[in-house]
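In what follows, subunit A forms one complex with subunit B and a second complex with subunit C.
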Partner chain A sequence: MFEAVAFYLFAFLTIAMFYITVTTSQALYALTALAAGMIFISAFFFILGADFLGAVQIIVYTGAVMALYAFGMMFFDTTREVKEKQGNKFIVVGLATLAAVMVVAIFVAPIVSTNMTAFYPMVEGAGNTQEVGLVLFTKYLIPFEVAAVMLLVAMVAGIVLAGKKMDLSLTLMSAEQAKDIDDKDKKVLS
Partner chain B sequence: MEIGLNHYLVLSTILFAIGLVGIMRRKNLLLLFFATEILLNAVNIAFAAISHYYGDLTGQMFAFFVIAIAASELAVGLGLLIVWYKRHGNIDLDTMTSMRG
Partner chain C sequence: MDNAYLIETVIKVVVILLIFSALAGIGTYFERKVLAFMQRRLGPMNVGPFGLLQVGADGIKLFTKEDIIPTNVVAPIFKIAPVITAATAFMAAAAIPFLPAFTVFGYEVHPIVADINIGILYVLGVMAVGLFGPLLGGMASANKFSLLSAARAAAVFISYEVVTGLSILAPIMMVGSLSLIDFNNYQIENGWIVWSQPVAFILFWIAAFAETGRTPFHLIANDHEIIDGFGTEYSGMRWGLFFIGEYANMFFISFVIPIIFLGGFGDGSVLGALALLGKMAFFFFFFLWTRAAWPDVRPDQLMWLCWKVLMPVAVINVVITGFVMMF
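After this line comes the complex of A and B, so read on.
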């Protein structure tokens, strides 16, 4: 009973928030609604017993991703209204068809896979975080490492793309050139 | 009424459809990114629900990797967006026609 109430409450809240995100013409409203929707989604993870995933959802999405979006929005002109595409008949028809096909596929999928068995079953007498650690650091160690390398590459790419004067190399230029650039920076600042 | 796997899958479908609508109608690239985040989150709900109802942790593992991919995609995408904005002064999708043959 409690589970049902929580599910329907958070389902309604999440759908409402994401609906606001895709329909509002104010970028700041979209950002706030998206952050709220992410928090509400973590509630589903807690209901489903995936405590660690819920905590990661809150930390990564509302902590890191939203902060990064807010940082990015400082660069862009977000105060003016966002222009929207004018309604195209073909896009509307295509979207409706795609959504209908997807609903059918999702309803059929559990029927097809009724004989599915657990590949890595839950360990008895261990908390969710402990179980996640057991599986992540044994069966999924290599994907975990690859994901770490991918995050490192993404971090370097983000710094190089967003940073200033990243096309210059201080190690490759001579001392005079480096000093010139340094002086120019000081002149700009003062 | 007992909440089953289908409830979560229906919710995931609705959220995914909302994200698709957002991707189709948004012109501003930043708001297009928001819509992709919605898509990834919708899939994460389905993964976590299947993981719970089949007693298998693989779904949660996939959800973790999806979150990692979303974070790195965002870092690179936002960097590219900042470069584009510095050069052209807007981030409207319709102005990005330099690749048109």
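After this line comes the complex of A and C, so read on.
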């Protein structure tokens, strides 16, 4: 009974929060509702017994939404309403409906045709965290590594874009030139 | 789910809420006294013996003060922000074992609300959500100083999460579990983790100051730079809730550090339980001691410390731990 109550409570809360996120014109409401919705989703993981994923959902999404807040702070006055440019409403409604129907179809299709089987059944005696690790480092090793490489690329690109004098190469220039650049930097910094 | 379990859980939740709300009030008294003695003053003296009733006087003041909502603020967010700080601080307590299991009238009580097997992740994650309070309060306040404070909250949050996570990773690798009870039991057999992971201990301790927003990293509400930061526009009990959240967080992190690194409550005897309370008291006292002894660091120094010192050290510590465990 507790599970049913918790499920309907958090289902209602999550949908309400995401509804606020997409309908409000106030940046601060949208971001706060998004953060709340993301945290409420973790409740479903806890109800299903996937404690590890639940905690990770809280940690990852609070951090991610926090970064969004930082962007919000940089780009608008968050205490004022944002005037949105209204495009063609029919296109927006049509595309949104189509996307919603497709998502439901994708998730319902395997259930309807009863083709859902677990490829990797639970290992006896392994905890929740170990289960995630086992699947991540056997079946999904390649996607996991590719994601890591992509993040590394993004990090290097971010450093290059944000850093100063990245078009000069210290290894290709002579010692005097490098020293000159060093001295100039020191003057700027001090 | 049987009734005994339900009643036990409800009682535990109520007891933890009451004890730590009261401790947050008494914590302010300790803080004033400790700071006063370190600065050769007397601290609160006039209300009651040794100023002990000052806590009550402060409580009456906070509860009866007018709750002012300024004109230009985003009212719903402004109102909910203090609640987030206080609520998440207490939610984090759900996975902390405060004492070893004991027996009352033949009924075995485990003084932990939920022994979930990812305890430490849950505690740190939910405690981190508490930083949404200062962030939202600062952003909704329509005040420049509050907005500065909110920006600093976001910076501290994003940076020090990394250090906490990486520093705790090495002990987790050694124990092979995320449950705080397992940490405690591991240390009964293998000795305190602090002896094998001193670097992780120091890093986690430093990051704890950032997570709770205490003095060397007290940038979020730095009185001499940005007035009271996120708290500038708040009054009455809403401001008090921020305070309760901060002090409750200090108490909870003071429980978590000894449980992870200093043997926790040991084998579960009365002596072990008292030892845990003593260690907790020391770490709480250390928060106050640091506030008396250290100046605040600048925001850029804080970022420098996080990304150029603590994070590389934490990564190297994890790699070395991995090599030692493999070979």
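We take it that the second predicted complex is superposed on the first by the 119 of 190 C-alpha atoms of A that agree within 3 Å, B and C clash if a C-alpha of one lies under 4 Å from a C-alpha of the other, contacts with A are read in each partner's own complex, and residues count from 1 in each chain.
Criterion: contacts are C-beta pairs under 8 Å (C-beta built on N, C-alpha and C of every residue); 3 or more make two chains touch, one makes a residue touch a chain.
Please read all numbers here as calculations on a predicted model, not as lab measurements.
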### Message
After the superposition on A, what does A:73 contact: first (subunit B), second (subunit C), both or neither?
### Response
both
### Query
On subunit A, which partner touches more residues: subunit B or subunit C?
B
### Message
On the A-aligned overlay, A:2 touches which partner chain: subunit B = first, subunit C = second, or both, or neither?
### Response
second
### Task
Look at A:22 in the shared chain and tell me whether it touches subunit B only, subunit C only, both, or neither; answer first, second, both or neither.
first
#### Entry: Touched partner set for A:127, first subunit B, second subunit C, both or neither
second
### Message
Let me test your reading of the model: by the given contact rule, A:35 touches which partner, first (subunit B), second (subunit C), both or neither?
### Response
second
### Message
Under the stated touch criterion, which partner chain does A:176 make contact with: subunit B (first), subunit C (second), both, or neither?
### Response
neither
### Query
Regarding the shared-chain residue A:56, is it in contact with subunit B (first), subunit C (second), both, or neither?
both
### Message
So subunit A touches subunit B in one structure and subunit C in the other; where do those two contact lists coincide?
### Response
52, 56, 69, 72-73, 78
### Query
In their shared complex, at which residues does subunit B touch subunit A?
1-3, 5-22, 24-28, 30-31, 33-35, 37-38, 41, 44-46, 48-49, 51-52, 54-58, 60-61, 63-65, 67-76, 78-83, 85, 90-92
### Task
Using the touch definition up top, name the residues of subunit A that touch subunit C in the complex.
2, 26, 28-29, 32, 35, 39, 51-52, 54-56, 58-59, 62-63, 66-67, 69-70, 72-73, 78-79, 127-129
### Task
State the interface residues of subunit A toward subunit B in the complex, per the touch definition above.
3-4, 7, 11, 14-15, 18-19, 21-22, 27, 30-31, 34, 37-38, 41, 44-45, 48-50, 52-53, 56-57, 60-61, 64-65, 68-69, 71-73, 75-78, 82-85, 91, 95, 98-99, 102-103, 106-107, 109-110, 116-122, 131-132, 135-136, 139-140, 143, 147, 150-151, 153-155, 157-162
### Query
For subunit C, which residues are in contact with subunit A within the complex?
1, 72-74, 76-77, 80, 116-118, 121-122, 124-126, 128-129, 131-132, 135-136, 139-140, 142, 147, 150-151, 154-155, 157-158, 161, 165, 177-178
